[in-house]
Amino acid sequence: MTLLSVENLHVTFDTEAGVVEAVRGVSFALGRERLGIVGESGSGKTQTGRAVLRLIRPPGRIRADRMEFDGQDLGAAGEREMRALRGRRIAMVMQDPKYSLNPVMRVGHQLTEGLRQRDGLSRQDARAKAVEALAAVQIRDPARVMEAWPHELSGGMGQRVMIAMMLIPNPDLLIADEPTSALDVTVQAEVLSILDKLVRTRGMGLIFISHDLRLVARFCDRVLVMFKGRIVEELPAHNLMQAQHPYTRGLLDCLPRIGGPRTPLPVLDRTADWAR
Amino acid sequence: MALIEIDNLVVTFAARNREVQAVRNVSLAVEARESFGLVGESGSGKSTILRAICGLAPISGGTIRIAGQPAATRRGAGFSRRVQMVFQDPYASLHPRHTIDRTLSEPLAIHGLPDADARVVRALTDVGLPPAFRFRFPHQLSGGQRQRVAIARALMLEPDILLLDEPTSALDASVQAETLNLLNRLRAERGLTFLMVSHDLAVIDHMCDRILVMQHGAAVEELPREALAKAQMKTDYARSLFAASADRLLGA
Amino acid sequence: MSALTDWLRDPSPASRRQARLGQAYLSWLRLKNNRLAVIGLGIVLALVVVAVFAPVLAPDDPIAQNLRARLLPPLTDGHLLGTDDFGRDILSRLIIGSRITLYIILLVAVTAPVFGLLVGTVAGYFGGWIDEVLMRITDIFLAFPKLILALALVAVMGPGIINAVLAIAVTSWPPYARVARAETLTVRSSDYIAAVRLQGAGAGRIIWGHIMPMCLPSVIIRVTLDMAGVILIAAGLGFLGLGVQPPMPEWGAMISAGRKYLFEQWWVATMPGLAIFTVSLGFNLLGDGLRDVLDPRNSGK
């Protein structure tokens, strides 16, 4: 059952240096599965995620043949309809909780704000739901965290709070934009396993945007590789080592490995036809 | 006699009525022409050690010796000609209002070295950048190109020792590969000594001969590269770091 | 024309001058998009042009009295904006008076911000007791209401245009010191400052070559926004008879002289008032537009 379907998506920005095309004709379909979008900087992966939620402001422009979420046309939807979708049915987790959590509101307040304003719950009910959500992301002392300020939380904790916050309304689709890139390696594994469990048990669709090909392949069912605004390869995650496209192969091969040879690392051929 | 000797270094920061020990009794020695890696997560104190060597962090205990000489309280001109650093964030380590030419010729101007023109062009070609980039501003270059400029800048004074603070963490994977290759080439050509900091075990393994694992400001384990490749770690923390390292995830 | 724009837009400039001019050109393009800022710029440029060509532009002698043509209303033959109580043509007096306004603005703009920038960057860079001492001095000057302090200084030094400028400059520099210090504190811990320190640069080189360029945008914006205030203080001093002395046609003094006739012959006071209003507005609009252009966050990633 297709949850999200995108056809021929274009995102362009008008700057005084000219028109910049961030996304050039991207198409994909997503069911209740985990899709990874991998690319380096400038590949357009983040803009693709934001375009789905229509979070791109002028001078950016979104254009697509089709952008449908569960039967609803995202391209034609008005701002009010988008607001009803965002958060409630499509949620987004971003990279750095330092910047995505409001620094002047306590964690509990931020968690319950949406519940009280959007869903009209009473203070006790909202608080109970918030504590439940924090427990679901394996925070051991939810009551203390509710009273904390965002800057008092560690990176991993902050990101878990962010995930809890985004999952309270039980959305159908989660877009995670580099959710673990700002975290330490050991914490990354923990946060990812929490995300994994939640997505599985709730049967959500997940779009996982990252620059880390190996991480995405481990975590997702399917992988899209993007380069300069286009999708260069699409493959099931378990087939990653059999990737065909020179860019994907290049990305796989250029990373150093522990115990690998000391010879120079293979680099991308930036003069090749596909690299233009 | 090692080129860099650090004995029982203690670095304490005073923050909001509390004292935080960023580095606790760390000792290490780096031989000439060696490449030594400091690995750890955030808060491990690894970057602080580099800053302490440069005189950018307050030392409250222990000594640092470069080529046998204790580092003077104010790092003088001699120090600058011996030790230079490449910083982590290519977007923050170049002055946004200076052209690349200005950034590269400044160290020469400070030390009164002649022939700035020729040296700047040679520096750019040495790091693989076209001389046409000379009068660009940092915001007109990509992250990888900026980091190359940062490396070129560090080498303008022809130091013996290069301190590298996570030089590729902010770069894309493909650009990282190019940058690491460049660093290795320059090290071989100029006989440099590297003291490199990273959170990425695979990068450290590729670049360094000996490795010190740090956690919470203290040294956990020092091991040679071969031991890392064979997963012969003695401490639990080093082992957990190894297991969590991204390249283990695909069983590569 | 397009050869010039191509040269300015060249992605690989061949000299420092070309690089800087190219950046300035791109900033100009960004400023052009802001219509109000362009209007502000136009007003400021008009002030400069009028002041430079004042003797040529003024139709009448601004000082010669003609008591038979006293208090003529605007649009009288030969007197577009009317005459004042001594029969002097108001338009001519405004035009010649623009020189005085511009003179005051320029003198204040090259003294107060420069001094404030120096104090702020030194205080911010060195920290410690230097910072404390300099900032307490700044606080003391800030604590005085600007007009009162200017009045006191002029009262002590005697009236006159130079003393008025000095008084205004002395009261205007503290905000620039504050702004510069704030920027310096942010910039001080950057990696590029650490890099140049590691190269062996001394404090002077760092402050002059590395920190000040980063403080300039905030200071420039502040200067343009403060210009309106400077004009008003000069006008205030002139109004109280403590700045420029008659028969010099300073706008504030003109308003003061026209006070008596405000109800019947409103133009005597209102015309110079409108001139002050227009110039202040021009600087404010320009300052707002410059903030969008000079804000480092907007000048490319």
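Order of writing sets the labels: A, B and C. Residues in every chain begin at 1.
Quick note on the criterion: a residue touches a chain if its C-beta (ideal position, glycine included) is under 8 Å from a C-beta of that chain, and two chains touch if they have at least 3 such contacts.
It should be emphasised that the depicted structure is a prediction, and the values quoted were computed from it without experimental measurement.
Student: Just grab the chain with the largest centre-to-centre distance to chain A, centres being mean Cα coordinates.
Tutor: C
Student: When I count C-beta pairs in contact, which pair ends up with more: A-C or A-B?
Tutor: A-B
Student: Centroid from C-alpha atoms only, then distance chain A to chain C, rounded to Å. What do you get?
Tutor: Each chain reduced to its C-alpha mean, chain A and chain C end up 49 Å apart.
Student: Between chain A and chain B, what's the gap in Å when you average each chain's C-alpha atoms?
Tutor: So the centroids are 32 Å from each other.
Student: Which positions in chain B touch two or more other chains at once?
Tutor: In chain B, no residue touches two or more other chains.
Student: Going through chain A residue by residue, note those that touch at least 2 other chains and give them in order.
Tutor: Residues of chain A never touch two or more of the other chains.
Student: Can you check the complex and tell me which residues of chain C touch chain A?
Tutor: That would be residues 26, 29-30, 33 of chain C.
Student: Mind pulling up the chain C residues that touch chain B in the complex?
Tutor: 11-16, 18-19, 23, 190-192, 194-201, 205, 209-210, 213-214, 296, 299-301
Student: Quick check on the complex: what are the chain A residues that touch chain C?
Tutor: Listed in rising order, the residues of chain A that touch chain C are 16-17.
Student: Could you list, by residue number, the parts of chain B that touch chain C in their complex?
Tutor: 51, 54, 56, 75-77, 79-80, 83-85, 87-89, 91-99, 101-102, 106-107, 110-111, 130, 132-133, 135-137, 139-140, 150, 153, 157
Student: Over in the complex, which chain B residues touch chain A? Could you list them?
Tutor: Those residues of chain B that touch chain A are 41-42, 143, 172-178, 180-181, 184-185, 199-203, 205-207, 228-230, 240-242, 244-250, 252.
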